[in-house]
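One chain, chain A, appears in both complexes that follow, with chain B as partner in the first and chain C in the second.
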Partner chain A sequence: MAEVNPRRSRHSMLGTLIQKELREISRNGSLRIVGVAVFGLLLVTLGLGLREARAVRAERYAAQKVADGHFRTQDDKNPHVAAHYGTYVFKPAGALSFVNPGVDAFVGVSLKLEAHKRNRLEGARARDGTALARFSRLSVASVLELLVPILVVAMGFAAWTAERERGTLRQLKSLGVEPRSLLVGKLLGLLLALAALLIPAFALCVVGVSVFGGALEVGGWGRLFALVLVYGSYVVLWANLTLWASARAKSSRGALVTLLGIWVSVSLIVPRVATDIAMVLSRVPSEAVLSARVKASLNEGVPGGTAREARVNEFSEKLLLQYGFKGAETLMDASLLNGLELQAEALFENEVLDHHYAELGAALDRQERLEQVLGVLSPVIVARSLSMALAGTDAAHHRQFSDRAEIHRRALVDLLNREFAEKGGTRGFDYKAGKELWEKAPKFAYSPPALQWVLGRQFPSLVLLVCWLVVSALLAYRAVARLEVA
Partner chain B sequence: MFWTVFAIERRNLLRDRAVWAVLLGFSILVAYAALGGASYARAEREQIRVTKLEEEARFKALRQEVIAIQNGAPVQHSKDPRQPSIVGRELGRQALSLPESPLGAMSVGQRDLLPHTVWVTTEARLADTGQEDVGSLSRKVSGVFDLAFVLVFLLPLVVVVLSFDLLAQERERGTLALVLSQPVSLAAFVGAKAALRGAVLLLVLLFAALIVPFVFGGGLGGEGAPGLIALYLALLVLYTAFWFCLALCVNAYGTSSAGNALSLMSLWLVLVVVVPGLASVAVDALYPSPSRVELVNRTREVAREVEAQMSAVEGDHGAPGESAVASAQRGARIQRELESRVQPVLDAFATQLARQQALVDRLRFLSPAIIAYEGLNDVAGSGVTRHQHFSRAVADYHTEYKKFFFERIALNRKLGSEDYDHMPRFQYREAPVAELLQSVGLGLLGLLVPSLALLLAAFAGFRRDFTSG
Partner chain C sequence: MLHAEGLRKQYGEVVALHGLDLMVKEGELFCLLGANGAGKTTTIQLFLGFIRPSAGAARIAGLNVVEHPLQTKALLAYIPENVMLYPNLTGLENLRFFTTLAGKGELQDTELLSMLSRVGLAAEAVNRRVGTYSKGMRQKVGIAMAMAKNAKALLLDEPTSGLDPKASNEFSALLRRLRDDGVAILMATHDIFRSKQDGDRVGIMKEGRLVAIHTTSELSHADLERVYLDHMHH
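On to the complex of A and B.
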């Protein structure tokens, strides 16, 4: 008699278990329909997303060229008047906006950079659309976050209850099959069935990105890989939850109702309530309030700080020392005086802006971190937060762009004011600069932040994703260990 | 017999703890949503009130200053309240607000994206900027947790929970044959069960959707409120009825209770998530919005063509060797020129949005969820149509405002205190109610017809032999 290798037999048993699960899922006609529908939606949203991302990219790129051209070819004028004339920068689409459009439609895209002001980004696309566009925003991300879990539930809610209802659970136990290996078999069966659907979709995504060419910026592949890991974990945790509920329920009906209840709560209700909670617990001044505060401080100085006049004078003194004109003001040209004064004013304005924007940034950071932490209440919040961040379409990326643009604005204004001071001579505001200076203006080059920056900001979400994964697995494991056979 | 079944079922239902839990949970959500909508509306009202107060105080001060100057007080030239160019461009700016509609707390709709207040000066209005932000960016993305959300998204799910196994479980337990041995038709039996659940749900809804917002101060008063409330209730009742009819139909043709639950959930996903999503994709594809990004450059090009003059108007440092009056008159001409050339592009945005909305009005019949959502937005005055009406009113007023100042600038006539009394003021007038009635009325029909069709189909299904598994 041939000896049976126990290791091998366990493996072949697992194979049998997986095969059986897969056969059951693939034979179920309604599951096939739902599966095909979800796959179709993934393809449609992917195609639309790629098309949109390409169009946006081309549009913003072209617009930036035109805007740069406007600045370079402007008429001769005083450098400071040119600083008022200013220039525009356009926010490029997020690295993976075709997967998750995130906040992109709700924030502005064009920003005027000019002297004295930090403008807000204008032209949010959602404002030019109907209410229907917000009612249901289909994207690859929303299909993965909302519809795929329903598919997982539909595939697995009867995993244990049906066995019990048919009496096969008792049989399996009598054969000495451990519940633990059954669980592994069922989980792998479920995941393989899903993989059969999601992996082709992902492959098509990679092909789409490569064919449509350059939809991915530098570092985009790393983000895409991280995104696949996030959604992979997300699907696994839903499979765990499904098997847990199925093992706990008395009937298939009960398991399904429980799971759908969980889905409705964590996808529809909790995320919105969490947003409200974060808003109430961490107040952020509205744009109107912020601009009123900035305006007040520009007139009077930062609250608790030196008054405007005195502070501008301090900056002037410093600049005089720096230029080596301290004590020789009477010898200075009109332009030099004007230019220095403008520079001092700009320094004061920057200080005011820094003060208020640092406050705003801190408040927003607090609010966003709180929103992430509330992912403890719903895995959908965790997945959404990570997905938007990796796609480069969350609020943090938007702010990062706006901050970069502000740095550029200051460099530009400073260059023009300095040029005025140094080259204007006795002509003062009559001095005019030309093409030579406009050509010298720095070009705005924006590159999205590195993956580490994203992961650092999303640390709470990453931890919570792992927690959800582990806890859901433990729940499923414990429920199966206590499984009643009849 | 119908009433006997009704009474028995009432007893059964009231003993079912799960039903109570669902109804209680739903009531809490409705109350929370009502509170959220009311607090949104309150914040918005408060912003409008503060703006108006600031404006009144500013005008009063300007008027007094004019009188003081006439009596010999010194003048600061850059802030001369008698100079029409300065007042028109800056000091006398007007805040035009879209007042809250009586049912504004019910649905926030597009209101958190579109400005409730815009400022008007003699400058060309080249962008639709104004004050709109109430709340965080994440809330704009997810949408406000208001009654419209709860009613359109969650109410159908409550109907599903209450009615996915009107029959299947009785049959699975074997009690159906017993029931049908009594002198009661299957249709009457199921009809009584569904009617009872519908009645209970409507009671909860009426309480939660009407009384709760009232208690939380969500308005419900004001001109035309009774008619709007009637439309709101009609939408609510018919939308609920649609989902009950759909559930009946699934019960009539379904096999097991779990199968019914899954079918209903899938139908919910299709009607509430997928169809609206695809409809919105179709709207975007057929009538894409013009590009705001291109508008920026286009505007700049137009401005650039008159750039020699622009530098004097845009910068704060003035052009040398020109009298203030001449500069103001030229500025007015430039603004007029700029506006006349950019206006067609701006109109394209409004036209395209109107086309989009017209298509949505047709496509809504694909899903009762769209009908209900659009209807609730219209009733609450939070839809695109009302805002476009507001935008047109703003444009009309802007013309009037510019005329007032440009006339005085051209004639170089200074403003006296009496001019402050006669300055045009903005009065918002609502669009005729007939438009709203027609739109929402068609929507109600779009809910009623499929409901009846489903009901007929359901009763046809119940005539089959049902007792055998």
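On to the complex of A and C.
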């Protein structure tokens, strides 16, 4: 008899194992129904997400245009008064917000920029909906994170138990097929069946991103690719867990109950508990507390620092030197003095705000890091954290937007105060600037941070995703290697 | 071809098999007769490597099944009481699947169809899902698998139990054909009639011991039945 090329034979075995799994899955009526239901849901959430994201994008673009228009066409007025009137900036919708809207709906989208104050984002869409809307919101991300694992479980919970119950495992073992080959065949068969459902959805995502076009200036495609890798790994690790539970269970019913128990724990219970643990272990001041602390520091100076009057004077002296004066007594122009004092006060206010917002940012960072680390207890936490970050809809992106807006606010206020100081002359607060100045004001242009920034912040989640993948694969392999037929 | 040397299996205090010594040659059909719990299935499982012996060795073509699991399994085919196949696959797909896993992926569909035809599976059945097959049809697919694999030894565990007489006769004819082709066959069974008709030798097992071996050509059906019942009652 002719010798069979071992490499060719091995490939043929793997192909046969995969083909058999695909046939079994595709010929199972119940699985077809569940698969079509999840696929349909994925399409619906994709369509709705895209429609909403496009509407939001257009809405915010229009609102920004109106706000810019108002600022540029405002009446003549004193520059510092104009700084008090301020302007608004709107956070543009992220290119992938249709995949994962994240915390977008809860943190607000618009920010009022004005003198002396660092405001918080306003206009959270959740406030416009009913309480029920908070719980029934479905997105592509929630389908992928919560429902696709159920589909994986439905497809794979009986992968080994059915072999044992039917007696085919005995038949396979009698052929001397290596457990590793069987595992790889079952895993790839399961994943290919899932890919048949998920790849069209991914293709629609690509179309969606293309439709969004302009919103992808900074790393949009890179983010989408990373998101696909994250969800791909997430599906693989669920497939591993499913095959592990199936190999360990005594019966198909036992495997199903075990897997549903795991799903409920890691999808519903652990994320909730992890959030509470993170909040307890790393407390973040409430908005009211933060406002009170800022107010106190604005009146008295930052805790442990120089008192307000002394610090403002220090800034004034520096500014006088910048303008070429030796001291306030040499300054005969009251308006220039007013202008410089306003600038000095703004610098002091900035220092106070920097102090408190740095503390807030550090506390939020600690809390987020802790939440990420708690992903060791649930792959859902890991996938959710990475997904929101890559979609640009997590709290860190909102803070980054807020920080950019604050830089813009300071530049705007500084421009207006300098104008007042330099051109107010003897008119003092009666001095009015006009269109020429408003036109000179910098335009706020926000672009999301680069992919590297996201990956850097999400490093713990990335490490945990790899750990979940490796550990689940090892668990599945060990369980399959120990499968008993007798 | 099949050789048990002092083969023993013990579960805690319970001894399922007491030092079995047995040799089945190429082209021989050896039937193991005995009541439930006599140690027939344990013997088959030890040859298959599903369980490890407490002492002694099971050898196939001189190779110890514990030390050479893959090589010995490549020489073996196994047909249990119910040949278990994938109900959502057709007979041909099942045969293709198992023969490929057995390392015979080079076989063409025409060859597999020919084997299914030789074992008597109706042409209309080969592309039907196995979920609709009778037990006899599944057993035929099992024989086709052994043929496709070109097995040197065949282990059968109560293969005709529950088959109607016609199916049972067809199955026996297939076994004899394999035996005539040089395959060593070890069949555990309750069926005294089939043992006499198909077997070259018959071993009677009782409480984990091989208590007697007879050459079937030297006994009538009635003699074999009497010998068997004598052993069972003493």
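Quick note on the criterion: the second predicted complex is superposed on the first by the 470 of 486 C-alpha atoms of A that agree within 3 Å, B and C clash if a C-alpha of one lies under 4 Å from a C-alpha of the other, contacts with A are read in each partner's own complex, and residues count from 1 in each chain.
To be clear about the criterion, a residue touches a chain if its C-beta (ideal position, glycine included) is under 8 Å from a C-beta of that chain, and two chains touch if they have at least 3 such contacts.
Note that the structure is predicted; figures quoted are calculated from it, not measured.
Undergrad: Determine, for the superposed arrangement built on chain A, whether chain B and chain C clash or fit.
TA: By the criteria stated at the top, chain C and chain B fit after superposition, with no clash.
Undergrad: Who does A:V66 touch here: chain B (first), chain C (second), both, or neither?
TA: first
Undergrad: Spot which of chain B and chain C makes contact with more residues of chain A, would you?
TA: B
Undergrad: Just checking: does A:R23 make contact with chain B only, chain C only, both, or neither of them? Give me first, second, both or neither.
TA: So A:R23 only meets chain C here.
Undergrad: Is A:R410 touching anything from chain B or chain C once the two structures are fitted on A? First, second, both or neither.
TA: neither
Undergrad: According to the stated criteria, A:R418 is in contact with first (chain B), second (chain C), both, or neither; which is it?
TA: A:R418 sits against neither chain B nor chain C.
Undergrad: Under the stated touch criterion, which partner chain does A:R366 make contact with: chain B (first), chain C (second), both, or neither?
TA: neither
Undergrad: With both complexes overlaid on chain A, does A:R427 touch chain B (first), chain C (second), both or neither?
TA: Once the two structures are laid over each other on A, A:R427 reaches no partner at all.
Undergrad: Touching A:G176 in the superposition: chain B (first), chain C (second), both, neither?
TA: Second partner only, chain C.
Undergrad: Just how close are chain B and chain C at their nearest CA atoms in the overlay, in Å?
TA: Superposed on chain A, the two chains' closest C-alpha atoms are separated by 16 Å.
Undergrad: Under the touch definition given earlier, write down the residues of chain A that touch chain C in their complex.
TA: Residues 1-2, 4, 8-9, 12-13, 16-17, 20, 23-24, 27-28, 166-168, 170-178, 485-486 of chain A touch chain C in their complex.
Undergrad: Per the contact definition, I'd like the list of chain C residues that touch chain A in the complex.
TA: Its residues touching chain A are 45, 48, 50-51, 69-70, 72-74, 76-78, 80, 82-89, 93, 96-98, 100-103, 105-106, 129, 150.
Undergrad: Please name which positions on chain B make contact with chain A in the complex.
TA: 29, 32, 36, 47, 109-110, 113-114, 127-129, 131, 133-143, 145, 149, 153-154, 157, 161, 165, 169, 256-259, 261-263, 265-266, 269, 272-274, 276-281, 283-284, 289-297, 300-301, 304, 307-308, 310-311, 314-317, 320, 349, 352-353, 356-357, 360, 363, 369-370, 373-374, 377, 382-384
Undergrad: Given the complex with chain B, which residues does chain A contribute to the contact?
TA: Residues in contact with chain B: 30, 34, 41, 44, 48, 59-60, 63, 66-67, 70, 74-75, 77-78, 80-81, 84-85, 88, 90, 102-103, 106-107, 109-110, 122-138, 142, 146-147, 150, 154, 157-158, 251-253, 256-257, 260, 264, 268-269, 271-273, 275-276, 278-279, 284, 286-288, 367, 371, 395, 429-430.
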